Every structure is written in structure tokens, then in C-alpha cells.
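You will see chain A twice below: alongside chain B first, and alongside chain C after that.
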Partner chain A sequence: MTEQLWQVHFKVRRQRTGGKPYVQTFTLEVDPEEYILDAVERIWAFHDRTLTYRHACHHSTCGACGMRVNGREKLTCITTIRSVTQNGGTVRIDPLRNFPVVSDLVVDMGHFFLRMDKSGFNSVAPVAAACLPYEQPQSAESSTGRKPERLVDCIECGLCISVCPAANTDKEYVGPAVLASLHLMYSQNPSQEFINQADDHTGLWRCHSAYECTEVCPSGVDPAWRIMDMRKKVMSDRIKSIFRPRSQEKKNV
Partner chain B sequence: MSNQPQSANWPRWFDPRSRSLGTFGFILNRVTALGLTLYLLMHLIALGQLAKGADAYDGFIALVKNPLFKLGELLVIAAGVIHGLNGIRIALNSFGVGVRYQKSTFIVLMAVAVLVIAFFAFKMFSEG
Partner chain C sequence: MKTTQPSAIVIGAGFTGCALAYDLAQRGFLVTVVERGELASGTSGRTHGLLHSGARYCVTDADAAIECIQENMILRRIAKQCIEYNGGYFVALDDADLGYVPAFFQGAQNCGIPVEEIDVQRALEAEPALNPKILVAYQVPDAAFDPLRLAMAFAASARQQGAEFKTFHDVVGFLRDGNGNICGVSAVNRHAGQPVDFHADITINATGAWAGKVAELTGIPVPVRPTPGVMVAYEKRVTQRVINRLCEPDDGDILLPQRRMAVIGTTSFEVEDADYIPVYTDQIKEMHKRAALLVPELENIKMRGAYMSARPLIGGMMSGRSLSRTFKCYDHRTDDGVDGLVTVTGGKATTCRAMAEKTADLVCQKLGWQRTCETAQHTLADYHLYYQAAEVTA
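Showing the complex of A and B:
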């Protein structure tokens, strides 16, 4: 706890299902080292019990508290108030974009979770597959003789979908997290099924290389790199297929 | 404005607030593509003047010598250069080349674009 408290104005976007959105301001005395989620919880606890928002773990593992803070997608449980405003300043809090608003700061992520499920997303993977190739995978000894595994980084927070300008133009676009999941699954099990799911106008080819997903990802998944790596794979397969003898192609079919 | 993607939200497509460099690339590519498409339409209309005879065509050429049209031509060059160079970055990245250096690639290519545009501006406006 720091010595001096700050007075901060929190402008929160409110909306009931089907209702018109409006902005409500709450002024709080806060410790600048507190997190945005702490302030939202205090608004709910002491100012307005009707405010709705999602949260669970408070340590960037569950991915539930994603919101837009001053326009930027953040995991609010790890975003300090000091990092986004100053004493006497204002913090604008909005729900994530590109998802239907259920109420206030709560968005419906059901469709996104179903897409993640369809991609075969597995939250535990062998260490080598869970790490990005340009990272140095930590060597881990396994006493059981099995390949060491770890939790994969994606926490399904949806920040990448909210920030993505391509997702902003097309609701059929599966989004960076799903494509990153397909890449991860492919790296564990190089099955054409994952490529086929990704190789679509609502998949790999809808991405317009803005790299915002990688910028906001709180877990270092680097979805943009994974999308580009998968594109490389698809394109190299297509180029190879041009030079493949037709007889072999028929056999493959 | 709805929170979900829909065409009525098109102003958002060009809103760079709270976004990083990549979105500027995204917006630049869209704006220049729209500009070049509009130019193509105008170009076809201009060529259509040929069918109306020499006088109509000469009249049109006299009109486009106006400095305002020259500025328009410079904008076409700018759009072509920016769109082309940014397109090279995207194509290279799609082949897996320089993905982790896309930001610096973008800055370098846009710096090249500025130099090329400045060169054309100088040539076009200094030679009358």
C-alpha cells in the first residue's frame, strides 16, 4: 500500500440486455497500486450492487476479467490503476468488443468457447509443443518416464478477438485464439484435419496482419506468429502440389 | 453502435485510437485500396473521353493540368507506393519471413514510401 491515495473517476459503460448503453461515473479513493478489477469490485460493493462483471481467480489464470480499459484490451486483475491514469484522472471501462453484451461489462463468450472446443484445444501439452519454437523450452525431468507436460499459455480471455480489426469486420471469422489453438494442436499431432479447419476464408485468410492479438495477449501466446506459421505451411503445401505428379495426387485423394 | 461486428460499425474499421502500429498498417492498406479503386474508376471515365473525339479529350487533358489534379495524382502515387510496400510486408510475413520483425519492417518500408513520395512530389511540382 502506498502512502497517498488517489482520487480517480471511473467511467463505466452500463447496458442492460437489449437496452441502450450509457456511461456512469463513479469517483473512488484508490491506492494506485491496486488493480482495475479491485476498483470495479469496490464500485459493485459500495456504490452499485447492480453492476455486472466477470471475474474469478484474480491472478491472470482464468481469463474472465478481460475488459477495455481506456480503450485498450486488458486483463483487469493484473492492470494497476497507476499504469493507466494519474491522481485526479479518469479511467474508462468498457466491455470487450466483438462479443454480444449480456449486461454491463459481461459479454457472451459462448460462441468463442464452442469454436475453441471444435479446434480440439487441449490446455495441457508436451513442453516442446506448448512453447513457441523461438522460445527456449525449459528442460523438465519426469520421474514417471512420461514426456513432461505443462499448461499451455492461452487462457481463453478473448482479448485477441476484441482487439482484432479483422474480427471487427466479420463475425464469422474464428479469430486469433482459435487459429493459435489449431496451430498448437497441429504441432502436437500433424493431422490434415487441423489444417483443413484453419484453411478457410473465415480462418487463416481473414487475418490482415495487424498483429494486435500478439500485442494484447496477456500470456505470450503470440497468435499472429502462429497464424503466419500455419499460412506458410498451407502455401508450401499448395506450391508443392503444383509440382506433384497427377498420378500421385489421385492416390492421395 | 452495436458491440458485435457488422457493416454499420464501419467507422470503427478506421479508428486507430488505443491501437498499436499494426492497426495503422491495416487502416493504411484499406484507405489506399479504396483510393486506388476510386482512381481506377476515374481513369476509365477519362479514357472514355477518347471515344468522344479529339476535342473532348484535349479539353479533359487541359482540366487535369490543374494543380488540384496534380495533387490528386500525387495521392495516387502515394497510395500505390504505400499499398505496394505494405503488401510486400504482409506477403513476406505470410510466407513466414520476418514475422517477429514485422514492426521494424513496417517502419522501414513506410520510411521508404515517404522518400519515394517526396521524390515524386518534388519532380511533379518543380517541373511545372
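Showing the complex of A and C:
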């Protein structure tokens, strides 16, 4: 994998529940091809057992290990040390923004997960629907007679919410992942309910079109595109609703 | 017989701990789960993500294979939310693989695993990225799942039945009553850095690869061998089905599709302590070679991640690959003369519900609590609901 070990200084934001935040530096000999999460785990294992952080799958399918690395949102399990520093360099590690910090690098994902739940988000979808519409879904002929299914792209890591300038100024804003989920759900099942949830000042209309969410998404979800496309769908629904009988309007609310 | 509500502490919130918390809570226990990190932050989270059909073990380990197919069918029903059920192929690449076919086919029949031979041409049409040199293909009911979400779905279901989850609480010792029996645990709340004790009628050590280390706190030996394997994830999903090499369980014999990735696994070696296991470069290279045998284009596809997971194999005189993948419950009263403590370890992710059922049966029998398992009959709660509205930080 590599020719030589690097010496890297990891500056980690520490904070106990209710305590004052501070930065602690750990200097490690690391293989630059290793991932940031490996380094964090090594700090815990060999330097300081009090360090807290979230992690599970270590290969970008679970979304638990999102952190800010040198000020940038990263899924730390697939971010190599080489990609963010150099031999003798420094790596700053902070918890995600726009989530309450519980301790050290652990943030509370509760609000976010409940919002995802409310949006109807399913982690599994038919293969074709799990992809972005402008992509070619891969061949998936089923020899079982069943429609092949796939775990969808969004891993609910929260990076898009951490990076979002609108989420930073408005706690009530549901954020890119939830809106992307509503768009995905609507494309699978065009129910008025998804339109109603998205069409709100804490929803679609709070987005400033900064496109940072798409920039940081480690899974290719493209929340910014989904938000813009959902706006079109909402506008077209509004126009259609002018011609919709009132009785039907009520039924859909 | 016990008439007041019994209480239980479950140490460890991996698949087994979460499934056990759910089972016990459903049987009326007051359950507290004590876990030193996040849910599924040990072996469970880092599992390959294969919902086994059992066919992998049908020749070498029939007990594990039967457990797998039975639980596969149950999880397919109750945990559909986090499983993509596209099936899997076993493919033969050379004469040695072909030689394995009769034993494989017979083993699968004996274990009740539905296998069907698929015409090679049809298999290649369904999975065009497969090595075109495959000699035969068999279809099995394999599936891929999302590890963290499976644990969360069990935990969410447990919480709906009243179980409490104390994550980031490190167990540092056991509490004993006047007779020397276990009556709870001492832990440290790692968020606040504060000690806290939990008391219960029974404590279950469900820490998998760490079961030996945790039991050691009481001086009781549990023969579990942390047996890690490396897995490598690629930037492209090359198949829709799980692709297994048609041979005896070996290194790099399973290629799993997951989201936009393909994940090859795995190796097998033993360690003393599973807290930190380096990801060895030579093993990554070996996995890469094996992956390209099944799907040649992987040779040139970028690696996305490489990681290790430590299986909790039950030790005996045998080692590594030949150890059974089945599980074991220890009642430390009968084995070691210490009451109030049960250990469950071994097993596969696929069999976590069954492990929980057997362990809860043992716990109920010990406490004279006459309730039976219902976890196979109900769909699990949505995994998001592990988080509860009343307590999320504003």
C-alpha cells in the first residue's frame, strides 16, 4: 500500500457533556493510505480511551462517521489521510455543524432521523427508482420473477445539513437530505402528501441554492438538483390545483 | 416462579444485543442495554452485509447453514426495510470448483436451502459483469442488508417495548450480591465522564468478539476467539446479486452488492484483542485479486474503502475457518457457579434473532418467567424510530 509512514498531528475538538470545548493534539505515525476514521480509532485505542465518536460500517454504507476534517464535511471512513494532509502536516477534526454536540465528535442525529422518518424515507427501493433519473440503471434482470431492489443512495450521514448555509441560520429548516428524500419518495409514489411536506417555508423555499449539499454528498444523491426539481413539481401542482375540484383538494390534505 | 416484572441488563448493542433487548422487552422484561460506543460500532456494523442463504456453510457446517436459511426467511419478513432481496449466485470457475458441486448440491438439499441451477448463458445475461468463463451457476436466496439499520430496527422495536439504551457507557465491572452472584454492572458514562451503576435480576454479556474480555472482569473464562477478516469496497456496483465462489469457505469468496458499491470479503486470522485491528495491505491485495476472478472489471475499478471486522468464533481445539459459525449461550451458574450472568456469543448477523430467542429462553427459564418468543411474528419498527421524539436534544 505504501512506501513509508507519515507523522501527522491530529487536532481534535473535545467536549464533555455540559463542559467547555477545547482542542487536543495527538501526534501519530500513520500510513497515508489509511482513512481518517482509522486514525480516530487509533487515537481512542492507544492514546485516549475517553474520546467519543460515532462509527459502524467503515465503508460508506451506514453514514455514522461524518465529521469536519480541516473544516470540510467528510465521511471519515473513506477519506484517506493522504487526501487531506502531508507528511508532518496537521489535520483538524471537528463534529458536524448544525447538530447538537453530545460529546467530542458525537452529535445527536435524533431530530434529523425523525424528520427523515416523517418524509417517508425507505432505505430500500426498486433498482430503477433508487438511481437518479438521468442515470442509466444497471441491468437487473430478475431470475426470481421479483423486481430487484436496492438500498438507496442516501445514507443519512448529515454532511449536507452540516455544510448548508441555510441550515446554519435557521434551525427549523428541514435541510437538503429531507427534501431529497421527499423528492425520491414522490418520484416513486406521486402522492400529494410529499408535495405538502416539501412546500413550506421550513422546506423547499428556505434553500438558498448554494449547492454545497451536492458538493459534499459522499453518495451521489445530488440533493440540490432534487430540491430544484421538487420546486418545479410543486409549482406545476399549484397550477394544476387551480383546476382541481375543491372536494379533491380537501381529500388530499 | 417470578411474578413481579423481571429486569435485565444487556451488555453490547450489536445485532445480538439489540435483538435480545427486543425479545426480552417483548416478553415483559425491564431492559437496559449498556454499550460502550454507538450502536453496531464493533463487529456488527462492519459485517460484510450478506444475509446468508446458508449455502456457504451447507457442506462444512450444516448446523450453521440450517440456522441461516431459517433466519433468512424470517428476517426477510420482519426486516424488509433494510434488506435488498435480489438473491445470489454460486459460480464455479475451475475444475476444483466443479468437483465441489455434488457435495454442495446435496448439502443444500439436506439443509433445506432452495438451490437452482441456472443456465450459464442466462446467468451471464442477468449479470453481464460476471467472469464469462464461469462453468456452472446456481441460484440461492442470498440478500444484502444495511448493517447499522438492521441493528437500529431491532433497537427501535426494543425501545417501543420500553427498553432503554445507554450507548457510550463503558462497563468497567460487575456488581455482586451477598452470595457472590452478579446483580448488575458498574459503568462509565463516556459523554459526561461519570460513573454509574445499573442493577438487574440478570445480566447478559452479548459482546460477541469481546465476550471473553468482558467475562474476564468477573474472572470467568469464555473461550471466544476474535477472528477478523478484511473486506474491500469498490466504487461501482457491478452486480445486482450476491456472487459466491462455488468452493469450500475460502478467502475472498463472496462479492456483495451494496448501494453503489461492490464489497469483496473476506480473510480469516485470529487476534487476542479486537479493539484495534490494522487493515493489512497484503490482505487487501489478495482480496483485490479474488474479486477480479469473480468480476474481471473490478481489476480496474477504484477501491472506495477497506476495513476489518472481528468474528466472534467460539474457541475449542480447532481454529479459524474450521470453527463453527453457530452460536452458544453460557449460563455461568451451571458452568462456573456464578448466578445472575449469561453470555451469548458466536453466530452470524443472519442468525441474530435466533440467538436472541435462545438466550431469552434461557433467561426466562432461569428466572421462572413463563413468556415465549414472539419476535418472528412481527415486523420490526422503522429504524429511524430508534430516536424518540420526547428526548432528542432541541
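Just so we're on the same page, the second predicted complex is superposed on the first by the 237 of 253 C-alpha atoms of A that agree within 3 Å, B and C clash if a C-alpha of one lies under 4 Å from a C-alpha of the other, contacts with A are read in each partner's own complex, and residues count from 1 in each chain.
Here is the rule we go by: a contact is a pair of C-beta atoms (placed from the backbone, for glycine too) under 8 Å apart; a residue touches a chain by one contact, two chains touch by 3 or more.
Computed from a predicted structure; not experimentally measured.
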Inset, instruction - Based on the superposed arrangement around chain A, label chain B with chain C as either clash or fit. - result: fit
Inset, instruction - Using the touch definition from the top, say if A:Tyr211 reaches chain B (first), chain C (second), both or neither. - result: first
Inset, instruction - Report for A:Pro100: first if it touches chain B alone, second if chain C alone, otherwise both or neither. - result: both
Legend entry - chain B versus chain C as contact partner of A:Thr52, first or second or both or neither: second
Legend entry - Of chain B and chain C, the chain that contacts the larger number of chain A residues: C
Inset, instruction - Please indicate which partner A:Gly71 is in contact with in the superposed arrangement: first for chain B, second for chain C, both, or neither. - result: first
Inset, instruction - Give one of first, second, both or neither to describe whether A:Val127 is in contact with chain B, with chain C, with both, or with none. - result: second
Inset, instruction - Return, as a multiple of 10 degrees, the angle whose vertex is the Cα centre of chain A and whose sides reach the Cα centres of chain B and chain C. - result: 170
Inset, instruction - Classify the contacts of A:Asp38 with the two partner chains as first (chain B alone), second (chain C alone), both, or neither. - result: second
Legend entry - CA minimum distance (chain B, chain C), superposed complexes, angstrom: 9
Inset, instruction - Pick out the shared contact residues on chain A: the ones touching chain B in one complex and chain C in the other. - result: 100
Inset, instruction - Going by the contact rule at the top, pick out the chain B residues touching chain A in the complex. - result: 3-6, 9, 12-13, 17-23, 25-27, 29, 89-90, 93-96, 99-100, 102-103
Legend entry - In the complex, chain C residues that touch chain A: 37-41, 44-46, 49, 80-87, 118, 122-123, 125-128, 139, 144, 146-149, 151, 168, 190-193, 231, 233, 237, 240, 257-261, 263, 275-276, 279, 281, 284, 304-308, 382-389, 391-394
Legend entry - List of chain A residues in touch with chain B within their complex: 68, 70-72, 95, 97-101, 107, 134, 163, 165-171, 173, 208-212, 215, 224-225, 228-229, 231-232, 235
Inset, instruction - Note which residues of chain A are touching chain C in the complex, please. - result: 1-2, 16-18, 33-35, 38, 41-42, 45-46, 50, 52, 54-64, 77-78, 100, 102-103, 106, 108-111, 113-114, 116-117, 121-124, 127, 138-144, 146, 148-153, 155, 219-220
